[in-house]
Amino acid sequence: MSAATEAVAVERRRVAHPNGWWGIAIFCASEAMLFGLLLATYYYLRFRATQWPPPGVPEPKVALPLILTAVLVSSSVPVALAARAARAGRVRVAQVALAVALAAQATYFGLQIHLFLDDLAKFTPQQGAYGSAYYTLVGAHHTHVAVGLLLDAWLLLRLAGGLTTYRVNGLLATAFYWHFVNALAVLVVLTQVSPSL
Amino acid sequence: MIAARAPRRIELLQWFGLFGGAAAWTLQHAALFAVAVARCNSGSAQWGIDATAWKLGLTIGAAVVAAGAELAAGVTWMRTRGAAESEAPPRGRLHFFSLCALVGNVLFLGAILLDGVGSLYWHPCGQA
Amino acid sequence: MAAIDVLPPRARERVDRLERIWAERPGLLGWLTTVDHKRIGLLYFFTSLAFFGAGGVEALLMRTQLAAPNSHLLSPNAYDQAMTMHGITMIFLFVIPMTTGAFGNYLVPLMIGARDMAFPRLNALGFWLFLGSGLFIYSAVFAGIAPDAGWFDYVPLALRRFDPGLNIDFYALGLIFNGVASTLASINFIATIFKLRAPGMSLNRMPLFCFAILAVSFSLVFALPALTLDCVLLELQRRLQFHFFDVGGGGSPLLWQHLFWFFGHPEVYIIVLPAFGIATSIIPTFAKHRMIAFPLVAIAELLVAFIGFGVWAHHMFATGLPLATLVIFAAASMLVVIPSTIQIFAWTATVMMGRPEFRAPLLFIGGFITFFVIGGLSGIMFAAIPFDQATTDTYFVVAHFHFIIFGAAVFPILGGMYYWFPKVTGRMYNEPVAQASFWLSFVGTSLTFFPMHVVGLLGMPRRVYTYDSGLGWDAYNLSETVGAFLLTAGLLLIFGNLVWGRFRGAYAGSDPFFGGTLEWATTSPPPPYNFAVIPKVTSPYPNWDRQDRTEDRPRLEEGVLTLETGHETPASTVIDGALDEIVRMPSESIWPFALALFVALVFVALLFAHYAVAGFLAVAALLAVAAWNAEEPETA
Amino acid sequence: MKRDPTRPAALAALAFCALALAGCGGNQNVLDPHSHPERRIATLWWVMFAVAAIGFSVVVLFLFLGWVRRNRDRLPFGGGESAAVGMVVALGIALPIVLLVSLFVYSDLFVLKSVAAPRPGSTRLTLEVTGRQWFWEVRYPGTKAVTANEIHIPVGTRVNLVGKTDDVIHSFWVPELNRKVDLIPGQTTRILLEADQPGSYRGQCAEYCGLQHAHMAMYVIAQPPAQFRTWLAREAKPARPQQGSPSPGFLAFNAENACSGCHTVRGTNAHGDIGPDLTHVASRLTLAAGTIPNRPADLLEWIRDPQHVKPGAKMPNLDLTDTQFREIATYVEGLR
């Protein structure tokens, strides 16, 4: 029987999550702790500062980051669709949904990088604790998005060669990763803009 | 082969029993630390946080949840009484974890109360 | 192998097919490309043993320097480097890779009746990364610029202003590197224990050793990010002048300590938990009795790991934090004791209930319990804030944690080496010599570490490269040094015994000790596929269920769960261990090794601040990942 | 050498030094308390030690019983499987909870009260100690007195010691008087210092602070209040002005990139701030933060080759002639 039909059969039979899903889930748990501590660091330093951001540093923009985050979070929908389609063996649908998600996420990433450089022109991490915490937190988040983009691109490439159990698992894992990153994005952006609220 | 399914309610009781106390203590412990830091640092001190109220609320809330978890564990244990710990799931596993939870929640309840008493006993920012 | 030679033809065929399917490339290349958890376990074993030797030499250098007051064997800087490297080596390059990497890797799949880890290639990657990080850190030693700010690396001492060399960069980058390896290994253990348990092994029938490894893996997964983040922030500050730890820039030196100990205290339990697991494997075997209060012991292993995350600030009782903050950590430090007391009395009760046979492995566990109680009791004292503030950073602490992380963590490792030696090599060690080696190590350990309590109470601080005469410390220090050399002799005797056993020992057969867990249900050494037929499990001590074991032979003939048609292992539901699917396992691959190599080079480039080069190497690493991913088990 | 008018004072100082050094033998003992807080800590230790000893004996006894009675399937004190589980619950859970909670209340609520930092202004005397690599700078607010590695306090008086650091983290610790407290950059930490009988109490830096962490000791000298006041008065004075033409030692001391670049001698133009204040160095017990006793021979050795006496210390080996070294030593010996 062909790899694709076998993959679908496996998906039908299985009641628990596959190994790969557990692997990425535990990895994300570790990443969650990393971001939790990163946020804790941000607030620990903030609690000590009488002015946050310090004088001479502009308050963070609010509207644009929030809108962008909304875009990123909404990309969870096509990602979920792709995963569902792949489990049902509908490779075309999976590819299209994944491509849509990739497009949205890439736009988000591009604009965020633009904002990042824009901020750097205004104030630097070397200026003090605020800048250091701000850029480290936001930078860490962008890195995770970049990794997600690579995963998407790679999966699209592989799906062109049809479905296998391995690729379906890969897609399920990537989907989980994106839902996780999107959830974190909310926490990160709220912290990022909090001084202006 | 699919394992026999236990009624949903007792499953929930078992898992709440197992994790309830742990979750309550984790939240209270972390929050107490956060409140202490926020209360005593130059920046956040201006926010006028009422440390005592927070500590009291957190402690009582957490204690209630942990007690509830202990209760849930107790119920699970009664419902599966007589089962061997290594018996086939779900019965054996329910019994096994109810025993674990009965012990765990006692510890967490103790930790929650000591946390509360200790942090309320001392002046919020007096240096050690 | 005797068991397999007399197989009836149909079973014989299946076994032969399994042998063919699971055979790996021979020779050096085979070791570079292997994904067999047993061979990877052995790689971990010998590598971490080598680092154990290095850490031991550092310890002996320090003890020799401290044997007498005002001695000049080591310069202050040489001493500081030895002190720092001793800590880093023993924790990150010996105990963790030895317990999880070697024991965990070799035993977990065998104990749960699986044919390999859930992610065999990731497993290989974990080892090669660990090896890389170890070599990376030790290259600093040979360059004479090893980390010298202590394994706890407090700022500001570790900042550029006070430590301008590469020493601390080796520390920070090396530990980030090492953390990646440990995290990957832990993820693999959790997935394996959750998913690959033999059908019938519901969580309440899982061996206690697996509970311990599960607890350790979760601790690592959640604790390591703190260390990684701390080291990243440190490098950002040292290299790019960020401000996290300097007051001038709005940072805080205590931030380092909070993050470090948020990792550092769970770390203590990470070090000692596998020892619990080994003890809970050895005691029932030699007491010939199931572990008393099995569920309580199981949950205790998980609880100690969990509560261990709530006690970090008890390492900071002297930093002048507010009392109201300290006291909640004192509270948690009190409660974290209970899981250990549960286990101690469960172990002793099992020994009393059973008919214990005090052979070498059980002797080592007896030593372990003794030392663990001493170190545990002195540990409780640090939950008493005033006493902690009086004795922290003295030799009393050194005594306390060496009883824990040497007495309690390493003795079971040594006992475990004897216990599983026949399983791994198929031969026996020499019992009388083994018992002698125990007593020698026991006396050596006591003589080395016990006087440290006294000298600490007499006011001797830690981390001093020398001390003045006339403070009443001299005699104690001398005895500690003598003890250290006795202990070394004991350890050498152990390893000598094992080497002898490997080549001259009598053949052991598959189950010389009548152990209760599944690793004893297969041949010694186990075949590449571990079990010709995936064993039936109906209790936490399946190897003692004669009925089930006698069924294995007919099941092999009928081919029930023999899976001899592909490179496969069964996967079960997470909680109740019901058979869920048959997983195709990947075969040997060079890509884990290649990837680890590129990652190592990335860290070297970062060390020398060639960021562009690091970027190119990172791309190369990504390509290696792609190549790895393109090799799919189904198509292979 | 001209006759020293302050000989009696010097003799007194020497006598005191001898007494102090005699007392140096092992007087860094946590369990030899000389103050109220430290007595509470020592008691706490003995209580915990007693309970610990019992607990340890019980476990070892159980192991021993398991070994001698290895052929019975029952607990030594009767009872089977369920009794064993009962034992685990009783001795492993119930009893420890009771003991630990009592220890928590006793130590972390009550004993802690007596060792906790004094509220600012709650004490008769306040003094400032600054940890520096690798010596202790001591100031008495309200006076000009600045000294190093030697803290004089009036006996039987509660003193609020305010700790700071100039560089890395140090930890102030005088075992026989109280617990320790870390000195952290960017903040001050307080600790209660009191001695209930005269004497000199050795203390040492307790937080790893770099190369010479091992040689960062200090003495707390508890004196009768009258004696303390005279000491403080003398310590606050500037150095005795040079009679007539400045001595060659004085000149060498103040020469370009010589001692005065790093050291202060109040009343002269030596204003260096890297090393300790030397205004009255000759009256101190030890040199280089307790590394060597303050005797002429050791002083000369120290000035001539500090990097041999205390490798890594901030004090450089100066490129001077032997006579210059001797002249400097003579000058420094005169700084009483």
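For clarity, chains are labelled A, B, C and D in written order, and residue numbers in each chain start from 1.
The rule is short, and it goes like this: a contact is a pair of C-beta atoms (placed from the backbone, for glycine too) under 8 Å apart; a residue touches a chain by one contact, two chains touch by 3 or more.
Keep in mind the model is a prediction, meaning the values are calculated, not measured.
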{"item": "Distance-to-centre winner among chains (Cα means, whole assembly as reference)", "value": "C"}
{"item": "Geometric centre distance via CA averages, subunit B-subunit A, whole Å", "value": "31"}
{"item": "Averaged-CA centre spacing for the pair subunit D and subunit C, given as whole angstrom", "value": "39"}
{"item": "CA centroid of subunit B to CA centroid of subunit D, Å", "value": "44"}
{"item": "Set of subunit C residues in contact with two or more other chains", "value": "252, 296, 320, 323, 327, 330-331, 334-335, 338, 342, 385, 389, 573"}
{"item": "Per-residue overlap in subunit B, given as positions that touch at least 2 other chains", "value": "2, 37, 103, 110, 114, 118, 121, 126-128"}
{"item": "Contacts with 2+ other chains: residues of subunit A", "value": "15, 44, 48-49"}
{"item": "Arrangement of touching chains [line / ring / star / complete / other]", "value": "other"}
{"item": "All chain pairs that touch each other", "value": "A-B, A-C, B-C, B-D, C-D"}
{"item": "Interfacial residue positions of subunit C with respect to subunit A in the complex", "value": "118-119, 122, 183, 186-188, 190-191, 194-196, 221-222, 224-226, 228-229, 232-233, 236-237, 240-244, 249-252, 255, 258-259, 262, 571-574, 580-581, 583-584, 622, 626, 629-630, 632-635"}
{"item": "Subunit D-touching residues of subunit B, taken from the complex the two chains share", "value": "103, 106, 110, 114, 118, 121, 126-128"}
{"item": "Residue numbers on subunit D that touch subunit C, as the complex places them", "value": "24-26, 28-31, 37-38, 40-41, 44-45, 48, 52, 55-56, 59-60, 62-63, 65-67, 69-76, 80-81, 84-85, 87-89, 91-93, 96-97, 100-101, 103-104, 107-109, 111-112, 114-117, 167-169, 171, 173, 175, 179-182, 184-187, 189-190, 202, 204-214, 217, 290, 311-312"}
{"item": "Residues of subunit A defined as touching subunit B within the complex", "value": "15, 43-44, 46-52"}
{"item": "Contact set on subunit C toward subunit D in their complex", "value": "75-77, 80, 149-150, 154, 156-157, 162, 246-247, 252-254, 287, 289, 292-293, 296, 318-320, 323, 327, 330-331, 334-335, 337-338, 341-346, 348-358, 366, 369-370, 373-374, 377-378, 380-381, 383-387, 389-394, 456-468, 470-473"}
